[in-house]
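Both of the next two complexes hold chain A, though its partner changes from chain B to chain C.
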Partner chain A sequence: MVAAPILDISDLWVSFPAYRAEPVRALKGVDLAIPPGEFIGLVGESGSGKTTLARAAMGLVPPPGIIERGQVLFNGRNMGQIEDEARRAVLGRELAMVIANPRAELNPVVPVGRQISNIVFYHLSVSRAEADRRALEMLRAVRIPDAERRFAAYPHELSGGMAQRVVIAIALACTPKLVISDDATSGLDVTVQTQVLDLLKTMVAEKGASALFITRDIAITAHYCSRIAVIFAGEIVELAPVATFFERPAHPYSITLLAAFSHSPELRLRWTRPPEVDAAPIPAGGCAFAARCVRRRERCLAEAPLLRPLAGGRSVRCHFPVDESVT
Partner chain B sequence: MSALLEVQDLVKRFPLGGTRKTVQAVNGVEFTIDRGETLALVGESGSGKTTIGRCVTGLIEPTAGTISFDGKPMGRGRDIRSKGLRGRIQFVFQEPAESLDPRQRIGETLGEPLRYLGVTRADRERRVLDVARRLGLADSTLDQFPAELSAGQQQRVGIGRAVITDPELIVLDEPTSALDPTARAEIVDLLIRLQREFGTAYLFISHDLSTVRFLSHRVAVLYLGTIVEQAAAEALFARPLHPYSVGLLASVLLPNPRLKPSSAVTLEGEIPSPIDLPPGCSLAGRCPFVGERCRTTRPPPTAVGPAHYVSCFHHERVAALDRTVDHFARFQQESNRLLSVGADGN
Partner chain C sequence: MMPLVRYIARRIVFVVPQLFGIVLVSFFLVKLIPGDPAVMMLGPTASAQSLAELRDKMGFTKPLLEQLTHYLADVARGDLGTSWQTTRPVTEDLFQRFPATLELVTFGLLLAIAIGFPLGVAAARLKRGVTRKVADYYGLLAGALPDFWLALVLIYVFYTVLGWIPAPLGRIDMAILPPPTISGSLVIDSLLAGDWEALRSSLGHLALPVLTLGLINAGPILKMTQSMTERTLSSDFVRYAEMCGLPRRVVLRQAVRAALPSVVTIISVLYGFLIGGAVLVEIVFSWGGAGQYAVQGVLNADLNPVLGFVVFSAVLSLVTYLIVDLIYFALDPRLRA
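Showing the complex of A and B:
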C-alpha cells in the first residue's frame, strides 16, 4: 500500500486580480503529490509560478491573490482554508521553508542561536534552557564551526553560507515533515552551494522528512531529487523520475532547459524558435508553450494538451512529446 | 605583437574604517589579454574578481602595480580615465536592472556613451538603431523604459551600451548571474557572436564555471586576491592542477544525475576574510595537501605546460590523483545526443 502523501495538491488554480483586465492566472490546475520521504524538484523560469506554488502549499497566497479552484492538503489539512492560529501551529513545526536570501529572513537584531531557540520554545513547549540546548545542538548539526561562540553572533557577523546554515537549522529545529527550499542556494558560491545542499539533503533524510526543491537550476534537481516536475506558465508540463528525465526528456520545454547547458550554440539554436516577423498572433486556447516551441504543429494552436501519463511513471503535457518510448 | 592588456603585479588594498587594518583585495596579480581573446577570471565571492575588473577599467586606482593598455601604461590619479582611452574599454555590470537608469528610455541609454565622445545627434541615432538590431532588440524597444523589459533584454541593453563605442576590451562583471539558464545561454551566444564580428577582447568575470567554459579561451582561477592557476580553458577543465581549481570544478553541478561531482579534493569551510592574510599559501587553511612549507611561504607560479601556470608546492601530487573522466566533456557528449534528436518535429 502506498502511504498517503504528505502534501497533496489537486487541480490548484491561483489568480491575481488585475486592474480592468482578466486576472493573472499564476497557477492553472496544478496536481502534485509528495509521498513521505520523497525529494521532489520543481523547476521553471522566473514567473512560471514556482514560488506561488510554495506559498499556496503553506496557505500563504499573498493578497490580493486567491485560490480560485482546487485544494492543497498538507498532512490531511486544507491549507487554503486553515485558520491563522492553526496555520501558525503548522508552519515551522511540521512544514518549514528555506528561502534564497538568508539575511532577509534572519532578524538582524537577535543573536542567531536565540532565533533557533525561539522556534523550539514556541512550538515544542519546552523550557528556555532546553530550547537553547536544542538550538546549540542544531548549530553543531549544520556544522557551524565554533558553535558555542556563534550562538551569540548576529546575522551580519556571519558569511552568506553560514547564514544559510542557520536558516536550515531553524527550518529543521522542530523536525518538520516537509521542507520547502525556494532557491535556497542561489546566492551562494559553488563550493558552498554543494556543502549546503549536501547538508540539507542528509539532515532532511535523517529525519525521514520530504522535501520540495524549488529552483531555476535544473542541475540541482539532477543530484538531489528523485522526481522532477517542470512548470511552465503555471502548468506542470512534465513530471518524471529523475533518472528517466535526464536520460530521455519528453517535453520540448524540458529540452530547452537542458539545452541551456550545451556547449554548442548550433544545437541550442535548434531548440529555440526563431523570432518571426509578421507572424500571426498565437490564438488563445492552444498550448501555452506553442509560441516558443520548435515542434509546434497545427493541433498545438487549436487544442491545449492535457497532462497525460507515459510509461515509466512519467507524465507530459504535450501532443507531440520528444520521447514516448515505453521502457 | 604586444598584448592588448597587460597587468603586472597588481595590488589593491582598501583601508578598513576606524582601524589600521586593510582589506587585501588583490595581491600581486599578473595576466595579459590579446586582441579578440577572452580571459575568464573565476573565483568565489571575496576573491577580488570585481576589484580587478574595476582597476582595469580605471574605475578605481590600484595601490601598486601597472596596467598597460595597447602598450601604454594607464594614468594615475586625475589622469586615470584619460581621454585617449574613453570608449576603448567598456564595462558591463552584474545586475542589469540596477545598472540602467529607470527613467531613461532605452534609446537614450544606448546612445549616452556616444555623447561623451562628441558624436553628433544624427550619428548617434543611426548607431543606436544599428546596435539595437545587432542585439536582436525590436526598434520599438528603444522608446521603452527598463522596467518594461525582461531581465535578459535588460542585459542586452547593458551589453549594447558597452559595444556602441566599438571598444577593444569589455570587462564583463558576472553578466549572466542574475538570469535564468535560458536567458543566460542567449546572452552567451550574443557575446560570442559580437566577438567574432568585431574582434573585441573580453575580461569575463564569473563564478559560474559552466558559462566560463562556453565563452573563454583562457581561464585564471582567483583565490583571495591571487591567481592560483592560469591555463587554456580546455586544459584547465580537463585537468586542473591546483587543489583549489580541482575543488572548485568538482562542485559544479551538471544536469545529469550520472555525473556526480567527484570528490578527489574536498575543500573544507569557506573562503577566509581578506583582512590580515596569513603569510603562506592562501589556501593552506582549507587544503587537504597542506604541508609545513605552505603555511610560511607563498608558492610562486610554476610553468607546468604550455601557458599553464600553477601556484602550488604540491601540484605534482594533485596531478597524480586518480581522477575520473572529464565530466564536462562527458556531459557535452550526452547533451549532444539529447539535443540532436527531435528538434524538427520527428
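Showing the complex of A and C:
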C-alpha cells in the first residue's frame, strides 16, 4: 500500500449530545483507511455506528451530532470542517453514495432520467442535452431494459431493483473516486440483490474507484470485498483480509456474526452468552463487548482492549483473540 | 392525457349529488331560523288576516317537503326565487354582487400569497435569525387580529390621517361611471375599457380591503408554507439530494416544490371560506358584496337570498376544489397512475 488512501479516517469520535445526560458516543476512535481501488466491507449490527461513519465521511454528521475528535480526510480534504460549497462539489462528484431505500429517497416528482441528468448537469457543467445523453447512457449501463422509456418514468413506477439500479447510475454518473454503499440492497430479493451487487462491483471496478460496502449481511462482504472491518458499539473490533477473516475470525463478536448466518445451531449456541438473571453490571472502562462475550475473563472487565495487529495482516480489539478455526 | 379526462369526468359526476345534498341541508337549516318574513314585510301593525294571506301566498303554510320540492324544481330551472327586500330575482342580485366579492377575495388572497409564501420559505430555510423571528411574530399577529379591526385601523391611517385613498364607500367613486361589465371586476373591466379614471378610482377603493384581507390571510399561508417546507427539507429525498451534492438552491427548490400541494390546499380552503367570511370587511368598506347580501337576508328573514347565496358559494367551492384537484394532478405524478 504505497498510494495515499482515498479515504483516511483517524481516531474519529462522533457524539450526540443528550438532554441532561452523557452524550451518546456513536463512534469511539475509529481508524479506517481505504486505498485507491480497494473494496472494504464494514459490518455490524443496527446501532453500531455504520451509518454515522458513512455520514461523517461525507461531512454530513446528522445534527445534533458533532465530531468530537479525530478527522476524516477524503482525497486530502478534511470533511469534518469542509465549507458547504466545497462539500457540495465533492459529494456526488468524487464521493458518491448508494442508498438503501431508493423509492423513498429518490425525488418522487422528478422523472428518474432527469435525476441522473441533474447530477451530471450540476457537477460537470455540461449542457442539459449532454447531461441527458449521459444519463441515458448510464441507464443503459446499469442494464435497465427499455432505457429510453424508463428515462421519463417516476420512481414510484419502478420496481425496487430497478430503482436501485437508478441510484447506482446516479452514484456513478460522475465517475467518483469512492462509492459508499449503505446497506444498499437490504430491501431486495436475494436474486435481485446478487444482480445489483454484481453490477455495482463491476461498474465501480471499471471506473477504478474504491468502495465501502456497509452492510448487516456479512455474506455480502465475502463476495464483494477484499478486506472486512467489523464494527461494534462505535469501535472497529476486527479488520482483516476477507479470506483470513472467514477462515479464522479472531474476535468473538465476529464469530457471533458469522454464526448468525450459519446453519449450525450448535455454533450459534456455543458463541452466544446466555442471558444472566443476576448479572453484575459491567463496569465502564472494560471491553464494550464483555456483556455478550462467552470468553469473558477478569481482564476484560477491568481494561478496554486496543486494536492491535495479529499475524496475517489483521488487527483485532480483544485481549484474548480466538486462535482456532471455528467452523 | 386519458387519466386526466377520466379524473375530471369522475369529479363532475359527483358535483350534482354534492349540490343536491348542500341545497337539502341548507334548506332545512334556513327554515330553522326563527323569524317570520310576513311580519317583516307587512310591519308590526298588520292584521292577523293579512299576515295569514301573505304567508299562504308565499307558500309558507304548505308542508315543508312540498316547499322543498318546489324550491328544488325552481333551482333546477335556475330560478332562486325573489328577494322581498330588493324585490328583484335573487339570481340577478347575486350575479351583480358575487363579482364584487370575488374581486375582493381574489386580489386579497393574491396579496396574501405574495406576502406569506416567500416569508414562509425564508423562515423554513433559516432556522435562526431575523427572518424567522419576523415570520413567527407575523403568524401570531395575523392569527390574533380581527380583520374588521385591522380594516378600521387602515382606514384611520390611510384615509383619515394621510388622505391617500378615497372614502371607503363602495367600489368606485359615485361620480364616476363604472366601465361596461365584462368580467364583473371593476379593475379588470376598467383596464379592458381603457378607462383610466375608472381604473384609478376602483384601484383606490380596492386597496384597503385587499390590504386588510391580504395581511390577515398571509398568516395561515405563511405558517403552512413554513411548516411544510421544514418538513420536506428534512425528508429522505432532500437528504439524498444533499448527499448527491446538488447546489443549495436546487435542493431548496425541490423541497419547496414538494411542499406546494399543502400550500395550494390552504389557499383553496381560505378562498372558499372568504367568499362568505369576508363579510365584516365588506360591511366596513360598504363593498356591496355577496356576503353582505346574505347577512341582510338572514337579519330580515329574507330566505331566498340566503339560500341563493349558499347555492352560489357551493358551486364556487366545488369549482375551486376541482381546480385544486387539477393542480394536484399537475404537481404530483403519483396521482396520474
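Assume the second predicted complex is superposed on the first by the 322 of 327 C-alpha atoms of A that agree within 3 Å, B and C clash if a C-alpha of one lies under 4 Å from a C-alpha of the other, contacts with A are read in each partner's own complex, and residues count from 1 in each chain.
Heads up, the rule we're going with is that a contact is a pair of C-beta atoms (placed from the backbone, for glycine too) under 8 Å apart; a residue touches a chain by one contact, two chains touch by 3 or more.
In this text, all values refer to a predicted model and were calculated from it rather than measured experimentally.
Room for both chain B and chain C is found when the two structures are superposed via chain A, with no clash between them.
Of the two partner chains, chain B is the only one touched by A:257; chain C is not.
Of the two partner chains placed by superposition, A:129 touches none, neither chain B nor chain C. Shared-chain residue A:105: touches chain C; no touch with chain B.
By the touch criterion stated above, A:3 is placed in contact with neither chain B nor chain C.
Of the two partner chains placed by the overlay, neither chain B nor chain C lies in contact with A:284. In the superposition on chain A, contact of A:217 is made with chain B only, not with chain C. Between the C-alpha centres of chain B and chain C, as viewed from that of chain A after superposition on chain A, lies an angle of 80 degrees, to the nearest 10. When both complexes are overlaid on chain A, the residue A:294 reaches chain B alone and has no touch with chain C.
More residues of chain A are touched by B (comparison of chain B with chain C).
In the superposition on chain A, no contact is made by A:21 with either chain B or chain C. In the superposed pair of complexes, A:161 makes contact with chain B only, with no contact to chain C. The gap separating chain B from chain C in the superposed three-chain model is 9 Å, by closest C-alpha atoms.
According to the touch criterion, chain A has no shared surface contacted by chain B in one complex and chain C in the other. Chain B meets chain A in the complex at residues 44-45, 136, 151, 180-186, 189, 192, 207, 209-210, 213-214, 247-248, 251-258, 260-261, 267, 269-271, 331-332, 335-336, 338-345.
Against chain A, in their complex, chain C makes its touches with residues 236-237, 239-248, 250, 254, 257-258, 331-334, 337.
Looking at the complex, you find that chain A touches chain B at residues 45-46, 145, 159-162, 189-194, 216-220, 222-223, 242-243, 246, 249, 255-265, 267-272, 275, 294-295, 297, 320, 322-323. Every residue of chain A that touches chain C in the complex is listed here, in rising order: 58, 60, 84, 87-93, 96-97, 99, 101, 104-111, 118-119, 122-123, 154, 156-157, 170.
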